[in-house]
Structure formats: C-alpha cells, structure tokens
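We just call them A, B, C, D and E in the order they show up, numbering each chain from 1.
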Amino acid sequence: MLAKMRQKAKDLLSSGVVSTVIGYGEGSGNRVRALFIRKPDDADKLILDERCVQNLAVYLTKREVRALGRPAVVARVPVMRTIQQLMFEKQVAEGEVAVIGISPDSQVLDFPDLKSMAEYVSAIPFELSADEKAAVEKLEKMTAGERWNFWLDVLSGCSKCYACRQSCPLCYCERCTVECNQPQWVSVPSHGLGNLEWHIMRAMHLAGRCVNCGDCFRACPLEIPLNLLTQKIITDIADKFGGADEYALNAFKPDDKEDFIR
Amino acid sequence: MSEFEPKIIAFVCNWCTYAGADLTGTSRIKYASNVRIVRLPCTGRIDFMLLMKAFSRGADGVIVSGCHPNDCHYTSGNFHARRRWIVFKSLLDFMGIDVRRIHFAWVSAAEGAKWAEVVNSVVNDVRALGPYDGYKNLAPIAADWRIQDAG
Amino acid sequence: MTKIGYYPGCSLLGTAREYDESLRAILPRMGVELVDVPDWNCCGASSAHMLNHELSLSLPARILSSAENKGITDMLVPCAACYNRFVMTIHELNEDSKLRARVADITGLDYRGTIHPLNILEFLEKRTDAVKAATALPFERNVACYYGCLLVRPPTVMKFDRSEDPRTMDDLMSAVGANPVDWAFKVECCGAGLSITSPALVGKLSGRIIENAVKSGAEAIIVACPLCHANLDMRRSAINKAAGKKYTVPVLYITQAVGLAMGLKEKELGLHRHLVKVRFPADRGAAQAPTHAQPAADSEPAQTEEA
Amino acid sequence: MSRIGVFICHCGENINGTVDCAKVAEAASRVPGVSHSVDYKYMCSDPGQSMIKEAIKEKKLTGVVVGACSPRMHEPTFRRACAEAGLNPYLCEMANLREHCSWVHEKSEATTRKAVDLIKSMIEKVKLNQPLQPIKVPVTRAALVLGGGIAGIQASLDIANAGHQVIMVEREPSIGGHMSQLSETFPTLDCSQCILTPRMVEVAQHPNITLHTYSELESLEGFIGNFKAKIRNKARCVDEKLCTGCGMCAQKCPTKKISSEFNAGLGMRSAIYVPFPQAVPNKPVIDKDHCTFFQKGKCKVCEKVCPTKAIRYDQEDRIIDVEVGAVVLATGFDVLGTDFFPEYGYGRYKDVINGLQFERLASASGPTLGVIKRPSDGKVPETVVFVACAGSRDPAKGIEYCSKICCMYTAKHAMLYKHKVHEGSAYVFYMDIRAGGKMYDEFVRRAIEEDDVKYVRGRVSRIYEEDGKLVVKGADTLLGHEPLEIRADLVVLATAGVASSGAEELAQKLHVSYDSHHFFAEAHPKLRPVETNTAGIFLAGACQSPRDIPETVSQASGAASKVAGLFSQEELTREPLVAVVNRTAPPLYSTCTGCGLCMPACPYQAIEMEEIRTRDGTVVKVAAKVNPGLCQGCGTCVALCRVKAIDLQGYTNEQIYAELMAL
Amino acid sequence: MGAITHSRKSNSLPALLQKFTGVAVSRCYQCGKCSAGCPLAEEMDYTPSRILRMLQLGLDGHEDSILRSFSLWVCLACETCYARCPQEVDIPKMMDFLRAESVSRKKVNPRGRDLLKFHQTLLDSVRYTGRLYEVGLIAGYKARTLNIFQDLMLAPRLYLLGKLKLFPHFIKNRKSLSRIYEKTGA
C-alpha cells in the first residue's frame, strides 16, 4: 500500500490542500526518521514498514512546524488517537491538519475530515496489549518493597534529559512545570528524589490523556520502562471509572469507589 | 532517643475538616500533637504534588481530608479530588511508595471527635511503621532538613 | 438433596421431641438433608447467660467452632432460644477482638466466623416455593402466629423481620393455606425461663397471650420455639387456673402445621405428644376471616369453656 | 525584604495555659524577615488591636501574622485592624494556636514546638501574600422565595412591601402550608385560617409578588446578587386565565375517593381538585395519577362541564427563567411517617393518628366539621390518649432532637377535645413539658387545672387493639414507676417534625449546608440564624428546625430585612479570593495552553476561553480566563492545571508551598 | 429519707457497671418506657426505670436495695425494654451485671435463691453430661429447693407422652467442657 500512500501525499501537495506531508523516511544506519515532504515529487521518499512507529503528531503543536503551513500526517492508530486527543484539548482544530490514515492492517485510509478520523479511531477498542498487561500485572504482584526497589533501580540512571517529554505529542506545554522554580515543584538534581518526582508528575499529567504510543519509552536513552506508569493508569481508569469519560480527571461519578477513604 | 514521633502533615479543606478540627478544639478533645494542618479552600485545590512535597519535606505520614460526598461547599470539589486520589494513590502504590502513610478521610464540620480519632489513628499507624527513611534517603537534602528541625 | 448443618439443642431431644420429629418429617419434601453438628453440647441457655458471661459465650462458641471444623456454613437451629444464644455470641465475638481471643483460649478452639445460624423461619422462608409445592391439604384454619421474644429481640443484634410486628411466620402460614389473624401479642414474653420455677407466673403471662389469640379468632397458635410451646401447651392448666377459663386452643410448631398441610400423619408429626389435644371444630371446612372489630364471637365458644 | 510583624495571643489562659506564648514570640522573632514579634493577653481586644496597628505604622510592616484562635473566628477582625492601619487586609494571616493546638494538646514542649511551627509556616506564607482588592458585583433587586407557607408568605410580603420584586414558588397547588391545616392556634385559640387567609390573599394581589404555585425550583446558578433560577411550572391542565374557580369540575368529577392531602388522609377529594375552599389561587389542578382520562384515556367530564372551557389536557410543564439577587428558603417541614412506630400500631390501627390529623378532626372546615370522631367507626371517643415525644427525643429511632412544638399543640389538642367532649377523659403521656414562651406555660396549666387533662409522666411502651379499644401501656414515673394501662378510643401521637421531603436535593441544588436530619443549616447558630453558608440565601421557618408560628413569622421578617438590606446597595463587594489565569509577556502571553480541561471541572462555569490579541487585533493565543464574579475560589481548576497557569489568590501555589516547606 | 454521701466513686455500682459492660446509667432520661412495657414489672419490687433512677441518684442504701431486689431474678431478659428504649440503654445487660454482683456479694434475694439454684442445677447438668438433662434438672432443682411436690403431677404425663427420657445423654468430649467450666470459673 506504499504506492497508495505516496500517491495520496503527492495529491495533497500538488492540489495545494496541504503544504507539508509529515511521514517516515530512511535515516542513517537502517533507522527511520521523520520526513517533511514539501514537494509532490519528493513523496516517493516516503516509506511505510514495521519500523515506522514514531508518533508524528508530536510535530503538530510545534511553532516551527505550524509556520510551514497546513500539514498532512501519516498516522497509524496511536497517532490518530493523539490527533483526536489534541482536538479535544483544542490544540488542533478541524481543517488545520489532514490525515493519511494507516489501518492496523496497513491499508491507507481516506478521511474527508478529522471528525470522521475520530469516529474511525474511537471504534477501535483502546486497551493494552497482552504483553503490556502482563508487564503491569507482574509489577502489581510484587510487594510494595520490591516495587520500590524496582523503580529505584530503573530510575537510578535517569539523568532527566527529558527525551521522554520531547517525544511525547501530549507534552506540548510551552513552559513545563518542571521548569518552574517558584515554587520548585520538582527537585532539580537527578538524584532519587528529583527523578521520582519528575516521573510521578509526568505520569499524573498524562493520566486520562496518554494514548499509549510508546514514544517516551523508545526515546529514553536508558530504556527506562516509564510507560509502565502510564499503562498502569490506563488500566486503572478503565477499571475504576469505566473509561467512558473524555477526560477522567475533570469528570466524576457521585458513587466513585471510595473504600480507601475513612 | 525516645520513641519515634512521626511528623504528619494534613491537607484539609476550609469548610468541613478545618471547621471540624476547630470543633475538636472547642470540644477540648485531645489528640496527638504530631500533626500540622495546611488549610486550603477545598480538597479540589489539593495538588497531588503537595503530597509528594510533604514527604520530601520529611513527613512520615500525610492526611488528606475534606467534606463528605454531597457536602462540598463548592458542590463537587471533593468529587474531583476523590477521582484524582484514586488514580494517584494507585500510581504511588505501583511505584512502591508506602501508601499506608497516606490517609484520606471525610471529616465534616460536625465531626470534631472524628478528626481527633483520624489523627490519633494515623499517628499510631505511622508510628508503628517507623520513620519514612526510604523516602527521606532519596535525596541528601532531606537529611539536612531533619537536622534543622531537631535544632 | 441439599445438605445443611443441624443443631437440634437439648429440648428437641426431650420435651420438644415432636419439634424434631416434625422437622425431620417435612424435610424430605423440600429436598433437604441434615448434617448434625458433631458431639454438640448444650448452648448454656438462659442460665449461663444469667450467671456467667464468659460461660454464656464459650458454650455456644464450642458448638460454632466444631460446626465450622466439620465444614458447616449454614446451620439450622430450630430452637429459638439456642438460636438467640448463637447470634448473640457471634455478635459479641465479632464486636470485640479481645473477647474473641479470650473465648478462644477458654474453648481451646478457633472460631473463624464462617458459620451462619439459621432459625426455622428463615430456613422455611427461603424454601417457601417448595413448601407451597408440597402442600396437599391446605391448612385452612385461623391461626395466631406467635414469635415470642427470642427470634426478634434485641432487634439491633437479631436483625430478623420487624421486631414489633413480624410477618415471616404469617406469610409462611398463608403459603400453606392458613389465615393468620391480626393479633396483638406476637412478640410478648410468655414467661419462658420461669416455667419450672414459677408456674403461676407463667400461667399469668402466657394466659394473656392465649386470651388475645382466642379473642382474635385463632383456632390454633403456631410457634417456633420449644420454650413458648412448653409454656403455652404444658402449662395450660396453670394458664386456665390463672384465667379462670378453660382454653382448649391447640399449640402447634410451625413444622407440624406445615407437615399437616403436606398431608403427613399426626403421629409422624408428634401431635400425640401434646398436652392440649390438637383438635379443630369439625364443622368448619374452610377458615373464615374474623372481622377485626368483632373479636371472633363465633369461634370463642368452641375454644373456651367456662371453668 | 519583608518586614513581618508577629503577634501571639494568650487568649487569657486558653493558649498560654498550654503553649509558652513568650517562647513562641521569641522563636518567631528569629525568623528572617520578621521585624516585630510580641505576645499579649488578648490580641482581639481593643488594646491588642491597637498594638497591631501601631506596629504596622511604626515598623512599616509588610505583613502580619496573628497567632491566636481559628481564622474562622477572628480573621475578619484582624484584617480590619490591618486595613485601619493602612496595610492591605490580605497581607494579614492567622495561625490557629487555639483550636488546633492549645485546646487539643497537653501542656508540653511538643505543643509549644507545634505552635512555633504553625507560626513559622504562616510567616513564610505571608511573605508571599499579595495585596488584593475586593471585587465589586452588581445586585439584581428581586428575591426568590421558595415555599408558600406562613414563613414564605411573611417573608414575601415584607420584601414586597419594602418595594422589591418577589417571585414566590410553592410546589402544592395552593399556598398556605401547614398553617392552613390547623384548627386553632396556641396559646390564644384563635382560628388559624381566620388569621392566615387574609395574608394569602394579600400575596396573590400584591403588585410586587409574582406567584408560581404547583411549581418547583429546577435549578439555581450564580451567586449573591446575581442568581439565575429556572422554575418548573407543573402542568395544572387548567388554563388559569380562563378558569373562574367555579368548582363545577370538581363537583362533577367521577373519581372522588382520593385521599385528601389537605385533610391528612382523613377526607376524600376528586381527581380534579382545589385542595381546600380558601385556596390561593382558587384554581383546580388535575391529579394525573388518579384522573380517569389520563389513566384510561376516557372521561373528559370536567372538560364538558367547564363553563369557560378552561380544561387543557395537553398542557405541558413550562420552564421559566428568572434573575434574582437573593433567595429565601421557606420550605417548611413534614411529620414523621407511620414506619417509625410499630409498637404503637401507627398505620395499622385506624384510631392511632398523628397531631396533624387531629387538627383536621378539630377543624370546623375538616372532614367531621369540627366534631371529634374517631376514624374507624365515627364514634365520639370517650377516652383519648395523647402521646408526646412520638419520635422526638428518640435517638434509637434516629431523632435526637426535641420537635419543640408538640408540648404546646398537645396541650391545645387535649383542651380542644375537652371543650368539645365535656364528659370525655384526656390523658397526655409526656416526659417533660416544654412551654417556654409568652403565655405558654399558663396555657398548659389551664389545660390541666381548668380542663382536667390528666398528665401522666412517662413514655408509652406499646399500644394494641383489644375488644374494640386501644390498650395503651404506659408507666407513671412519678408514682413509683408503676406500669399502667389505659383503654382508649383514640390515640393521638405527637409525631416528630422532620425535614420536608426533597429538602436534601434542594439543599444540594442550592449549595446550602444541611444537618444530618436534612434541616437547612444556619451560618451561625446564634449570630447569623437566618443566613446560610451560601451568601445571598436566607432561611425562614421550620425548614431550619421545627418551630411554631410566632417564631417562624419573626424569622421570616428577619430574613426579609436581610434581603432588603442586601437590596439597599447597587453593588456588592466580594472577597477577592478567586482563581486567576496568568498573563505573561509576549511571545508566551500566558503559560496557559488553552487546553480547556479545567472548564468542565469548574462547579460555577466561571472559566471561559479568551482570545488574546495584539494591538492590531490579531489573535495570538486562546487562553482560559476566570470570571471573578462567578468564581467562588474552590481551586479545583488550580490543582487540575498541568502547567500551573491558573492560581488561586490567597492560596497561591507559591504560598502553600512556602507554608508547607516551613512545617 | 435518703442522703447523698458520695458522688461518682470509682467503685460505685454505676461506675463498675459502665466499666464492665459499657452501660451508662446517665443515658437514661427516665421516660419509663421500659417499665411500661416490661411483662414482669408487676412482679418486680423495683421496675427497670426505677433501678436506673436509683443508680443515677445513688442515695445511701440504694445500691444495697438493688442488689437485694427480687427484680434481678424475675427479669427474663426478654429484651422488650432494650428493644424499645429511646436512649438505647442495654437494660438486660445491666440486669446480668447486677445479678452477678448480687451473687458475688452474697446479697441474693430470698425469693431469688430458688431461681439461682435452678440455673446452677442446669449448668451442673451441662457440666457433667454436656447436655441439658431435663429429668435430672427438674429432679435436681426440686430437690435443691425442697419443692419436691411441685410439678409432681406433670412428670408422669410427660413421660407417657415420650417427652421425658429417664437417662441422660453423655457427649463424648466432656473434657473440653470441663476446660470451659474451669477457665470461666463457673
């Protein structure tokens, strides 16, 4: 379906519907990189294979990218979910972005508008894969002490390079709270405390928003499984609130479970 | 060194629990002096990071308390807070943070006795757990604070 | 066949034999089989309760523990007095962990709290459909359902039915075709424990109950407690002496009434063991509901003879 | 650099008895930024306040911390003192050394240490306090009165007579409330309807009062001075403009055996009905649950007989929007239901009735035209037993409180009975006689001395029927606690007054507090008895707790004068403790990302989106903005904002953080 | 006339009652509902609310009168009082306590001694056989109280009706019962 995708990109550019197509291209050393296609002829540089998993929606909120004019994005399901979430959060409006959708079985999807894309992607159940579930459960089964040591161990190498944040399409805030020093919400040094506070805050800020694209984990130079945290929250929200809310943390049910409150 | 006395920080809403704690006072019901209350307008105002900062400041236990469901002065602040706590508490537990040190309660303005009971039971529980060294040792700076407190 | 734990209690082996007999007679019709609590002892009755608090908990606790060890979860206790002791014991042990430890030390047995005692009314109510299905000869009589103290009080602990105006037995009797009368002494005290020591007093207390039942048009009084039965049946002469009347209204265990409705023989149900003959006015096929304002003027002569 | 003044109050021995106040003041003086620290016996006294004022002027203080009682007690006092000395009042904070420290802990070093901590923490907070200016909001000069009983009637008339608009909402088809059901009133025995109905008519005719009967409050939004209410006018199925109140419809209605609410179940009414002859408005409603046409699709007799063709079967509920500046809650009370007294056979025996039913029996307009007849067979009872405290003062039944009115109306009932049945016997079982009030005790004595009502001190244990009589088993605790039995013909239970049905839902709708019995809570039990916790909402009558007519009327007038006071100003000042979304220099303009996730969390819909424009009008950013008139300052949005773009004045992130870090 | 010479001594009856059973006599507001509903009030020398009043007031001689009263023995623990008490005073529990005190202080009412003996006989029977043996109970009780002829007429009839067994049933593990009796000091 590669050809169809390239043709679609070409059409979008040549018709002037978009000025940029954000897709995947060959990088150095068998790596895939994000490709910004500006001319129809360059569309043939686009590739699509199992290595193409980066969440390209991350570029949609960047000032520099916006300056290029209206973009189209090559979007697998997690990317489409991201765009849906960005729409909900008023960061992307209908008409601002075109989507070259890629279905789970790698078919190219045509969407007349973002609304139809949102409908399409909403129909696909949002849940963790069996492997992801197993990983969360494995940790849940440990004792609290074991979990503590586990996180102390995996976070010990974190140098707070913030690659996780940069790669995350939903971490679009222009001034991240971690940079706030009045008050200093997150301890600056990358010692145990600073790292823990950062990762707790990151996870909580993504609670109810994260689309589980996995880019944070892929971006981490130390391969810290920090997406376990967001995955845990995804299962919690589904289990405890039924997952029906658009954003679980600004909604409530009067009978939300409160067995832990005395 | 005498018996370990835990440091407990309580985040409470102004309308129910703070007033309830006032009633504890006017009723002259005694409770452990280990607790320090931080007054906020509503449980909805309680940022989850405040809880983390309490621990980093050397707290051994934290109480979060506000109005009973349906009694919120602002109608729904406590409902929002409760959702946040559900997610947050589970996340902390998942990270191995000792959630036995975080206590959530609804204490109304009429429940002066309950407030004393909550404080006493939290102080006893946390005293039994011992100092939260695991957290305090995360950063060298926390130890400095403790020295300052002792002096 | 459903198996269910069974604690008959001392009375059902003695003065209340017919209660045990009639229960065993009706059970097969409901597909229930009894599993006796092994080597059970007396619950201590009101005597332990009156004199020694720890003893009054330890005797039932021993029974509860041995039942639990046998794997019994639901335990049928037909005697209302024993049942009351069990529920009270469980309540106290659950409320107070120190007491629980103390009792465990006394009995040398661990009470886990997995057992659930059932009184006869609860037990039958759950099987109302089976009882209805097995009804062959509707018990078409005006009956006064007498609950006594022990099933319903104290309400905060017993948590059974409405403590002032219970309905369970009335509903069961309706299910087997009887007409339960609306009367005022459903939960009055019959004098229970004074049966042996102060028969005259019992005569007075139980007499009021019989009087109100008869005035309300009852042709039979239905009970669910051996103590109530003992007082209303065995003490009838004392009652009549105190009242200056000759009440002949029979007193039946609920199991006997249900058994009659199932078409069982009087002997199977132990009716011959009663002091007051179980006899009904023969001319009446179906029961007529007496109107409330006219307290059963028609049935009274049949039930009372001037002494 | 901050120049903070610290003032430690001894509160006599209340604080100083447990906390070493001098030591606290001394410890505070060593905190960087503190330039003045003293302790004094009574800070709230005039000399105490003067100390603060002088220190502010002399030491040029930039902030004040008062360590004293709860800020809920004296924060306004000290803030006012600061303002008088020229310091912005919001630069003053209190540390709660009394309720949260000295009163709840033993005298010890640890308690003093805690006091020091509390002071230090407030010092750090106050260093970051900003001067704030009160918010001004306009006032809509119209009042919403909920409830059309005597409380609502009095409040409405008073407000309307002061020249303001009143919108009165009553859920029943007529105004009048429980007072219209009463026969005669204590202690004067004047006829209730005779004194009430003129007031009802006055309400209906008053040019400043808009009456909505058979209506309920749907929702209330907004805040003091600026409420928006939705009122549901339930469909009467009668065109009120055309209807002349001739009564033909009710007369011809074939469904007549419906238990009458007005007669407390002792009389019957038709499916289309006016609750009672003096009803205001005198317009019928169709009770759809019992109307043959609505239930079976056939009948329409009323339509046929109506001379003005006013019947409208297809009428639908209408929702009306009104804007008001104040609300008076006057929703009254109910009497306890039959479920509570199985031992008295209430609900089981027809001749065991409640006090309200007795009122109807004794009322000349009642089902027996004022002749006392027992419901079961219509006989005049020879012996009547009145049982006081039926449900009241009975923690086991969940009601600990005294219903306050029963002692008086029971004496009245017994008296009325004896006046009507001279040869009859009246017994009153009571625990205490509570007859405080002008001419009240005299009234009770009259019942006992002149009308020979037998008062028996004791509670009734049980009532049962035997031989056509009600056997009342009681005891006389004045006579050696002997049990006694009275065979009565009629028993009247003085059932507890309980909160009106739906009171809890209404309170939640209005955001007012209520107690565990669902009675609405006053803002202060002594000093603010007619106000609620929610500014602009006032209380009148038995919705607050059971009370009699004189007390209800005075409270209603009190609430009305509060409303009139509020309406005497064109605008209100409000505390500036509201949320604010930051605005920063370009190119950021605000750290707010405009994600809008805070909006649904706001209970007051106070957050909106604002387009930030450059001077030439180009939109450079869309960011959240808080309407300070609507914001009540809960701060839920603040905790929700990931980027901390919203902050709450008076409880800013920086302040709370500093406070916490000093603990 | 009674005089008040002590108030709230820690060894006063009300204080002991509260300590061991949690029943606070101050809860009682003297409405008399317990006495009104008590089926045995007429037999009592002091009705329940009066006992509570005496405990509340604590005049000299009150405690002694209570402990020597017949009320303690005629009370059947039918729980009617407690079920209806508006202040939830657990009167039956109070009666249990007062009865035990009366026994331990050797102040049992002469008319109560019969009842005490009855209960003791019953408990003895349970102690040695494990179960209640009705013939033994009646015989033992009648022997203890010398009321040999009371109920003499009833027993043969009961026997004929198959209601009385001539021999007691012994449970197997009687040792476990001895242990219970020893440990509870019964």
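Operating definition for what follows: a residue touches a chain if its C-beta (ideal position, glycine included) is under 8 Å from a C-beta of that chain, and two chains touch if they have at least 3 such contacts.
In this text, all values refer to a predicted model and were calculated from it rather than measured experimentally.
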Set of chains adjacent to chain B and to chain E: D
A-D or B-D, whichever has more C-beta pairs in contact: B-D
Chain closest to the assembly centre - both centres taken as Cα means: D
Farthest-lying chain, centroid of Cα atoms versus that of chain C: A
Between chain B and chain D, centroid-to-centroid distance (C-alpha), Å: 32
Centre-of-Cα separation between chain B and chain A, whole angstrom: 34
Distance from the mean Cα position of chain E to that of chain C, given in whole angstrom: 23
Chain centre separation (chain A, chain E; CA means) in Å: 76
Where chain A touches two or more other chains at once, by residue number: 185, 249-251
Touching two or more other chains - residues of chain C: 163-164
Shared-contact residues (touching 2 or more other chains) in chain B: 48, 53, 70, 76, 80, 84
Which chain pairs touch, all of them: A-B, A-D, B-D, C-D, C-E, D-E
Chain E to chain D touching residues, read off their complex: 29-38, 41-42, 46-50, 53, 80, 84-88
In the complex, chain D residues that touch chain A: 588, 591, 593-601, 609, 622, 640, 642-644, 653-654, 657-658
Complex contacts: residues of chain A adjacent to chain B: 139-140, 142, 144-152, 185-187, 189, 191-194, 196-197, 199-201, 203-204, 207-208, 228-229, 232-233, 236-237, 240-241, 248-254, 256-258, 260-262
Chain B - residues contacting chain A, complex: 48-49, 52-53, 56, 69-70, 76, 79-80, 82-99, 103-106, 118, 134-135, 137-142
Complex contact set, residues of chain C against chain E: 10-11, 13-17, 39-42, 44-55, 58-59, 62, 105-109, 149, 152-156, 163-164, 187-189, 191-194, 196-199, 201, 205, 234, 272-275
